[in-house]
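Residue numbering begins at 1 within each chain, and the chains themselves are lettered A, B, C, D, E and F in the order written.
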Amino acid sequence: MVKRGLIIGRFQPFHKGHLYVVKHVLEEVDEVVIVVGSAQYSHRLDNPFTVGERLLMIRQALQEAQIPLSKCWLIPVPDLHVHMLWVSQVIGYTPKFQIIYTNEPLTKRLFEEAGFNVKPIPFHKRKIYSATEIRNRMLNGKNWKTLVPRAVARNIEKISGVKRIQELAKTDKV
Amino acid sequence: MVKRGLIIGRFQPFHKGHLYVVKHVLEEVDEVVIVVGSAQYSHRLDNPFTVGERLLMIRQALQEAQIPLSKCWLIPVPDLHVHMLWVSQVIGYTPKFQIIYTNEPLTKRLFEEAGFNVKPIPFHKRKIYSATEIRNRMLNGKNWKTLVPRAVARNIEKISGVKRIQELAKTDKV
Amino acid sequence: MVKRGLIIGRFQPFHKGHLYVVKHVLEEVDEVVIVVGSAQYSHRLDNPFTVGERLLMIRQALQEAQIPLSKCWLIPVPDLHVHMLWVSQVIGYTPKFQIIYTNEPLTKRLFEEAGFNVKPIPFHKRKIYSATEIRNRMLNGKNWKTLVPRAVARNIEKISGVKRIQELAKTDKV
Amino acid sequence: MVKRGLIIGRFQPFHKGHLYVVKHVLEEVDEVVIVVGSAQYSHRLDNPFTVGERLLMIRQALQEAQIPLSKCWLIPVPDLHVHMLWVSQVIGYTPKFQIIYTNEPLTKRLFEEAGFNVKPIPFHKRKIYSATEIRNRMLNGKNWKTLVPRAVARNIEKISGVKRIQELAKTDKV
Amino acid sequence: MVKRGLIIGRFQPFHKGHLYVVKHVLEEVDEVVIVVGSAQYSHRLDNPFTVGERLLMIRQALQEAQIPLSKCWLIPVPDLHVHMLWVSQVIGYTPKFQIIYTNEPLTKRLFEEAGFNVKPIPFHKRKIYSATEIRNRMLNGKNWKTLVPRAVARNIEKISGVKRIQELAKTDKV
Amino acid sequence: MVKRGLIIGRFQPFHKGHLYVVKHVLEEVDEVVIVVGSAQYSHRLDNPFTVGERLLMIRQALQEAQIPLSKCWLIPVPDLHVHMLWVSQVIGYTPKFQIIYTNEPLTKRLFEEAGFNVKPIPFHKRKIYSATEIRNRMLNGKNWKTLVPRAVARNIEKISGVKRIQELAKTDKV
């Protein structure tokens, strides 16, 4: 039987820390299921990219890192904002998996309450490999490209992603 | 005709102040309709318990206080977040009632605009009999059990509620 | 530990067959959890009564039959129409239960897939103790009162329920 | 005080019978509030036109009939599909009104239960001045233009509305 | 062909700055489409008035300023909170338009990405002709009436709007 | 630049006709984007499988047919039921694509109105390579396995898919 490990993130954007996690999981299981959460959101300061844009970035980053696509699942899942339903939502959108890898306290709690095997992720330079840090650097015109795979940087440039974030910072819309 | 008074709360968790209100209302009407709001939410720092868990706590607290269940209605109602619809939502989920007891300014306003008889609640030690205060004490490892009926404390312990709140405090998910 | 059995229905309206099921379940467990589904719907030909109206009918029928309220939970639960989430929705709205009693194929399937103990209900005169049959009789001006507890009939009359159904039959709205 | 009468329809499309109703209502009140329901739907066989397209047709039909816009309100309102909330939804989207004109049994019932003054509409050639009849004629390539104001026919032609309906008839999507 | 310009706002409340924008747009196009956003919200501190109340204020302000209603469209549009869908939502609720006038960065960005012609608005005393400023003045009992058209002030008084805002400020509900 | 073609289906289940379409599209473009629609639905007679189950079937069928995963995108997209938003929903969930391949009249119409290049699909034995036909055969215990790739048949057997469909046929739930 195929053994699968699942990770969940918004990947706004996908960075080298995420890539490190994917590789780590693939050392322990056959396939990694990458759930791209908050799928419906985009064009917000903390959720700047559409899920289509994020899928493209992640996939090209995986290919660049020579991780076989046959070992990866990339699945967008929309938020429900109703936590009692979240585990079922994830189960319904994904192939059967045995382990969930997360350090996020709420995700950990919800999957543990549902009886899942939850494992922590050994973080790698967590302070700087952080999507919040990267978005802040973009916003302030600082260097962010070294924190993400080249394929991600290339895609963000193609869609003028930095300019989008700088413009979103000026809105007060929610 | 049966005379009913309605109260609305999230009861996260149900505390001695709430119990005092139930008793107060039952001195004025035949039956109290307890609307347990934000029914769909749980596992958030300000909404830690599922509505099923809250119904259980409240019911056992009423029984412990020897308030006959035949005088109480316990009704979960999900939030709509659209205030122009809220009064109709409450009416649709409940048996006919004549008075609504509340000190909450928005609830008061909405039911008054809809022509209802709204009465204030004589608060009892409001500063400490407060769900926010109780959740804060749980979070900080302080004594909270004296503020809630014993049945509530017992149920929170059974589901490791304090640990849940402490874990939820570490997430940045919404 | 309290042993609970759960039943799910729309109870449009609650009839003698339903009452029979409640009694049957209470012979096997300590408490019965009555989930009143499709809570948000009313004023449709197949969902004529609001959930508030249904809660009132059921509660008074239980009292009339001298079933202690302390053994019954009456919980409205709104439909999500997303079956992969339904079991979690029911779990979140209810106190812990061990058995679900149902003959409904979809409910049976969903709870079995989630690992629950599902038991069938020994039906009692199923053809006539049927909510569809009762609504049809109301629509066609035939005798329906013998099929429901007296408390239910009394409540339907108080709100001119038969007239409501007859009017709803004339609309083509959904 | 300004006296307002309200009518509700989907106006798929607005026809001469609707225009007749508007004129009739304006004989009794100062202003008519035209609620364009099912605002979110379009591109279905029974809801072919977007609400923006419908607003344009209705407005130009009113102008063509020399009914002053200052006496008419054209307000799109999305469906909620939860009938217990419908009256509040309509109230929230509209200016204060005193009378609702309708022959539709569900609308009549809901507004009467909410205490409104509901008046019937004297229908004018109801069999043929019917949106269903018009859509059927469009579908089958029969003459439909005589049943709608010229401004409506002109707009439907401009957006190739007949072709749209004929194509929608071939889909089995919902 | 009729040339239309579109503006979007919540108009909580409609003030003299908004009126100035409407006049400015009408100097450049034949008709102005006024989208009244966040249509479903009311009774919040930053969204105090129902969309029905807002439509009434705006319409009477336009009439007071002798702007012909035949040149104005007043269209309530509910928020979706999913920005990737927002442009389509606006297109679906409105008649065809050629230009959108906005200074709001998110709206500008979304419509530009969709290929629309977006023009800036020449602001007029932006600091004081601001809905936030006006609501703050109402809240603090300061003079706000000079900032809005007389028709708006009159309507707010009729519904005790200032008192509503002052009460909403006391709630902690969302 | 990578040239992408998009197809949309519910794939309940994915059959040999679908596989034929994927191969056909890949003769004309570099990558095929397979949108798995109605992602939220499952456990209905016409939508029996969860989207996670469907993704698994499709992926293994592609691998079995030796179509490189690097040329295929498998993206679940939930239905909105609001057709005016559908094209934007698809765009937001997917990487940039240039052509959409479809014979479905509504999809064709919506994408054409949005200015897309829509191409028809040369059907291959349409009568029998039909998901409806396959579900009917499953329901009636007839041979269906020859109509789907072996990987699909294997997966359906693993989850007792035929039994699920036969049970769903007995429910009257929606």
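Convention: a contact is a pair of C-beta atoms (placed from the backbone, for glycine too) under 8 Å apart; a residue touches a chain by one contact, two chains touch by 3 or more.
Here the structure is a predicted model, which means the values were calculated and not measured.
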For subunit A and subunit F, chains touching each: C, E
Chain of greatest Cα-centre distance to subunit B: F
Distance-maximising chain from subunit D - centres being C-alpha averages: A
Listed pair (C-F, A-F or A-C) duplicating the D-F contact set, over half by residue number: C-F
Homomeric contact subunit C-subunit F: same or different residue positions, threshold half: different
Fitting subunit E to subunit F on CA atoms, where both chains share a sequence, rotation angle to nearest 5 degrees: 180
Computed distance of Cα centres, subunit F from subunit B, in Å: 46
Centroid spacing, where centroids are CA-atom means, of subunit A and subunit B in whole angstrom: 37
Averaged-CA centre spacing for the pair subunit D and subunit B, given as whole angstrom: 43
Interface hub residues of subunit A, defined as touching at least two other chains: 40, 42, 50, 84, 91-92
Full enumeration of touching chain pairs: A-B, A-C, A-E, A-F, B-C, B-D, B-E, C-D, C-F, D-E, D-F, E-F
Contacting residues of subunit A [partner subunit B, same complex]: 81-84, 104-110
Subunit A contact footprint on subunit B (complex, rising order): 40-44, 50, 164, 167-168, 170-171, 173-174
Subunit E residues touching subunit D - in the complex, by the definition given at the top: 39-40, 42, 50-53, 55-56, 59, 63, 69-70, 73, 75-78, 91-96
Contact footprint of subunit E on subunit F as seen in their complex: 80, 84-85, 87-89, 91-92
